[in-house]
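What follows is a pair of complexes built around subunit A, which joins subunit B in one and subunit C in the other.
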Partner chain A sequence: MRRPLAWPALILGVLGFGILYVPVIVMIIYSFNSSRLVSVWAGFSTKWYGALLQNEQILEALGKSLWVAVSAATISTVFGVLIALAFVRFGNFRFRLALSALASTPLVMPEVVTGLSLLLLFIGMEGLFGWPSGRGIDTIIIAHATFGMCFAAVVVQARLRDFDMSIEEAAADLGARQPYIFFSITLPVIAPAVVAAWLLAFTLSFDDLVIASFVSGPGSSTLPIVIFSKVRLGVTPEINALATIMILLVAASVVTASLIIYHNSRTRRRALEQTAAGDEITVVGQKESQP
Partner chain B sequence: MAPFIRIENVTRRFGDVVAVDDLSLDIEKAELFCLLGASGCGKTTLLRMLAGFETVDSGRIEIDGIDMASVPAAARPVNIMFQNYALFPHMSVANNIAYGLRRARMAESEIRTRVEELLRLVRLTGMDDRRPHQLSGGQRQRVALARALARRPKLLLLDEPLAALDKKLREDTQFELVDIQEKLETTFIVVTHDQEEAMTLASRIGVMDAGKLVQVDSPRQLYDRPGNRFIADFLGSVSFLDGIVTGAKDGLLEIDAKIPVLALDPGGFSVGQPVSLAIRPEKINLSRSRGKAANNIPISIVDMAFTGVASNYRVSGPNGIMLKTTQPNQRGEDAPMEWEEQGFASFDPADVVLLQD
Partner chain C sequence: MMGQTTWLQRNGRRIVVALPLIWLIVFFFLPLIEVAQTSFTMPRRGIPPFEPLWGFGKDGFFTNFNLENYALLLEYWQDYLGPAGNSIRLALFSTIICLVFAYPMAWWIARSDPRQRAMLLVLVMLPFWTSSLLRIYALIGLLNPNGFINTMLLFLGVIDAPLRMMQTDFSIYMGMLLTYLPLMILPLYATMIRLDDDLLDAAADLGAGRVAVFRTVVLPLTMPGIIAGSLLVFIPAVGEFVIPALLGGPDQMMIGKVLWTEFFRSRDWPVASALAVLLLIILAVPIIYARYQDGRTTALDQQYDEAQQNDIKPGAA
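Up next is the complex of A and B:
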């Protein structure tokens, strides 16, 4: 039976979610406003979405942002999987704890600090051996990959930790060797976590403004940078339309990622429960088998 | 001729723990051998060394005359059926079975024929496209068996093959496993902690304790003629009495174990020597009047438990001795004996096992 919600809980819930989502909903509604003025409703229209498609600058920035996010997410995922493998599979090597703490600090590091330190690194590297020459798309990708892979590592590690090692041994027993075992057995089994990690890294990169503005150069403005500079000249309904599209894109990938993680952990839990039930029956059978 | 599998003075340590301690064992071709022992006795470690997942600290393992020291797991003529089956969750039943065949670079058409053949063998025809999570526990076990047999190993290792099945299914599967082994004439080594499973499956059982083999014998020998107190106690239920040999005549020993007992003389015992007597519960007969057997002890019943097939009793005799006995549920007109009743426990001198320790 479902318990009726207590009044205080209901009020707090409505208030909490209201603070979170009312501004977003208002923004989405105003993106369909036909008026030029953002705060005056003058009827429904989709003309700002049309105008958006005509805006070269925004389309170009969108293209760059997508390219940066896809590249950064891919690099993040590859390195994230490697980091996760190192921490889960290589036992208790020296400085393991210290290293795993170091690998996850970028998760909580202020973005300003990350952005500034990466900028200093890129300038220093350019001075030392001439690469990267100036800042642009490449440096944004590298910057986004550095924090993206920490997130990816956390997601993949969680899955690898309860990975049943005996299926890799079974593969070895049946004549397979590494790296074939990794690609035919390990990777397909942890694939949902890898996909989730990619989507997470993609989202983080796609909506990052702070780090990108530190390490971007002329001609490499990503979508958030373009939006931010436009907003300084006043919010237009066009920006509302663009923000709506971005929200949908990010929400879709976050929801997909969490659905994958949720579904996966549920099937795994069910499998575990079955094994546990089997064990219990064995124990009972054992007692009965005593003559 | 050299034995098919030769394990010679094999030792394996994990830190301070000696998992397998200077163990030697020969196993013949097409034998169904069972390693029996409590958890932590080293039986799984020995199995993993045979499969090539653990290294050998000292000693050697030979399979079919070839030293396995430098042969990696992937190249050994050995396959293993894991306790939890370790099926590949993302592959269909057919692809699970075909995995090892593809690694052996068999042609796809041959693989298809072989998979069909194996599915027939384990009675899973038509299940090709199922995923492991769509199968019952018993079906998963059979897929694991088919997958392990696919490459026609010279030796198949089975780690607690029936542990994850419920009791009824386990009984059927035991016979099926023996049938398959006899049909294929592959050498099987089964590891188990379940003595009943070991008894039904194996032609020979090796009982392990603390990394050593305590006794290797046929199930009947192990049960009826255990070599020491550990084996007698480990396999099934038993009552122990401690005594001293007081006389010998006509092939029988007279023993004073707080009560006088006659036992068949197995040889090697002399008058005055201390001995342990082990008597199996089903060899003792309870009755209200004196029984026909040579040993008759006046008793009273302390405890009884009805299990359906039989009743288990604990009875006390003179001088504080306690005996366990099982009476089959088939007493004719006699009503079964109840709590506190007085009567006699009788047993044959041939059913008394004498142990040195």
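Up next is the complex of A and C:
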């Protein structure tokens, strides 16, 4: 028996979705406003998108952010897979408790603390070993990879838990050995989770303002740093246009990805149901095909 | 068929554990030690802008340990401990407000048919994947004195003068909702989707009203989701920087913003470090509790999955 939602709950639910979406929708509409003033609608125009393409500061910051996010996400994913393998496959290994504490605390560490602490470390290391000399893109990548790998590990671990060990055992019985088994069997099977982990680490890095602000040097401003400095001065139509492009790009990819996942899971469920039902289905099918 | 094992094969496991362990010790654990150390040093002009805590000078080993920065936090308590208290208050109310909206939303999603459920889940996940900085920026366009809401209300004649919504507790709560609502919905949804309809029917058949069913069946069974979601919102909300910086005024000072100002404006790194230590002390209890709770729910999840598998296994039939 399915009960209808009580009306106060329905109102709260609708309001909740409204809070998540109304600000963004209004911003998207106003990014096409030809007036610089937010309060006046002066007609449809795409001139702010044109202005955006001319803005070298933003384009340069975008390039840096993309490079940082791709590098950090790649390091995060490699290390995240290692952490997940250790937790799921190695049982009670020697540094399990230490690794588990170190890999889960960054998930809940306040960004200001992470940023400040890494900056102090980089400065201390520079004093001791002369590396990293100054702060810039490299230090941002290291900072982002550090918390990214912890998120990546969570995503990969979940997939690795329901991994069917029998296929690996079969490979081992046939004489395959470890790195080979991992690269030819384990990795392809967990690939969707690895991709998801990479995308999550990429997004976290691409959106990060606070940590990057601490560990960036002069001339290494990422996109969120540039956006933040502009937003502080007020709402501008150029940023509306930029935000619209970024949000719509993400929305398009998330919706596409969900459609693919939804479709795959439905096909798989049907296939499972058919195998479970076994011969009956084929019998029914044969009967129908006979006139 | 036993060939020679390579060095990589013999030490594979060690490498798998050692690489991330060393990385996290160097880039996560050591930095925290560094913060704790710096909070006991004195500021100076120069690079870095603080005295070394210990080292080797002309007269051999020396230490410069002092509690001056913590004394400063106490002496100017309105400037430091005040915002810390404010952070706890704002984060606590934000958590409650998120829960009030998220609970019916999660229930709605969990109770709808699979096709609609998939769509609603995407609607919840979408903001999670988009930059919170940009979404907060979008909110400013709505709440500004000359923003969308005021323009509309003035145009419709509902109000005569613009409402002051920015730089109030209201704008902070709106920002927190915008940022953290999905984090509250997802764990709630995870507990509600497992809720057995038969339990609700049984309670109703035995004469329980809607309120009684909720209080005695639904609420206790969704409690793990409530706790998990609340921790996911409360912990980052206490240390939040972007929301008080862009949406808050002087009355909405939060510890994350004070730390930022001390670091970037005043360039007083020792005091900033002392504030970081204070923030960690505030968060120590919820963080440890979250880890404990997380371990428990993972164990419960595994039990649940095993139970499910055992039920479904055709061998049992």
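In this text, the second predicted complex is superposed on the first by the 237 of 291 C-alpha atoms of A that agree within 3 Å, B and C clash if a C-alpha of one lies under 4 Å from a C-alpha of the other, contacts with A are read in each partner's own complex, and residues count from 1 in each chain.
One rule holds in what follows: a residue touches a chain if its C-beta (ideal position, glycine included) is under 8 Å from a C-beta of that chain, and two chains touch if they have at least 3 such contacts.
Keep in mind the model is a prediction, meaning the values are calculated, not measured.
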item: First (subunit B), second (subunit C), both or neither touched by A:Thr267; value: first
item: In the superposition, subunit B vs subunit C on subunit A residues touched; value: C
item: Contacts of A:Arg177 with subunit B and subunit C, given as first, second, both or neither; value: both
item: Set of subunit A residues, in rising order, touched by both subunit B and subunit C; value: 175, 177
item: Subunit B to subunit A touching residues, read off their complex; value: 51-53, 72-75, 78-80, 82-84, 86-90, 99-100, 103-104, 133, 137, 147-148, 150-151, 163-167, 170, 194-196, 236-237, 281-282, 326
item: For the subunit A and subunit C complex, residues of the former touching the latter; value: 1-3, 5-6, 8-10, 12-13, 15-17, 19-24, 26-27, 30, 37-39, 79, 82-83, 85-86, 90, 93-95, 98-99, 101-106, 108, 110-114, 116-118, 120-121, 123-124, 127, 142-143, 145-146, 149, 153, 175, 177-179, 203, 206-207, 209-210, 213-214, 224, 227-228, 231-232, 235, 239-240, 243, 246-247, 250-251, 254-255, 258, 262, 276
item: Interface residues, subunit A side, partner subunit B - complex; value: 164, 166-167, 169-177, 180, 184-185, 188-189, 191, 267, 271, 274-275, 278-279, 281-282, 284-286, 288-291
item: Subunit A contact footprint on subunit C (complex, rising order); value: 1, 5, 8-9, 12-13, 16-17, 19-21, 23-32, 34-35, 38, 48, 100-105, 107-108, 111, 118, 121-127, 129-135, 137-142, 144, 146-148, 150-151, 174, 177-178, 181-182, 197, 200-201, 210, 235-236, 238-239, 241-242, 245-246, 256, 259-260, 263-264, 269, 272-273, 276, 279-280, 283, 287, 290-291, 294, 314
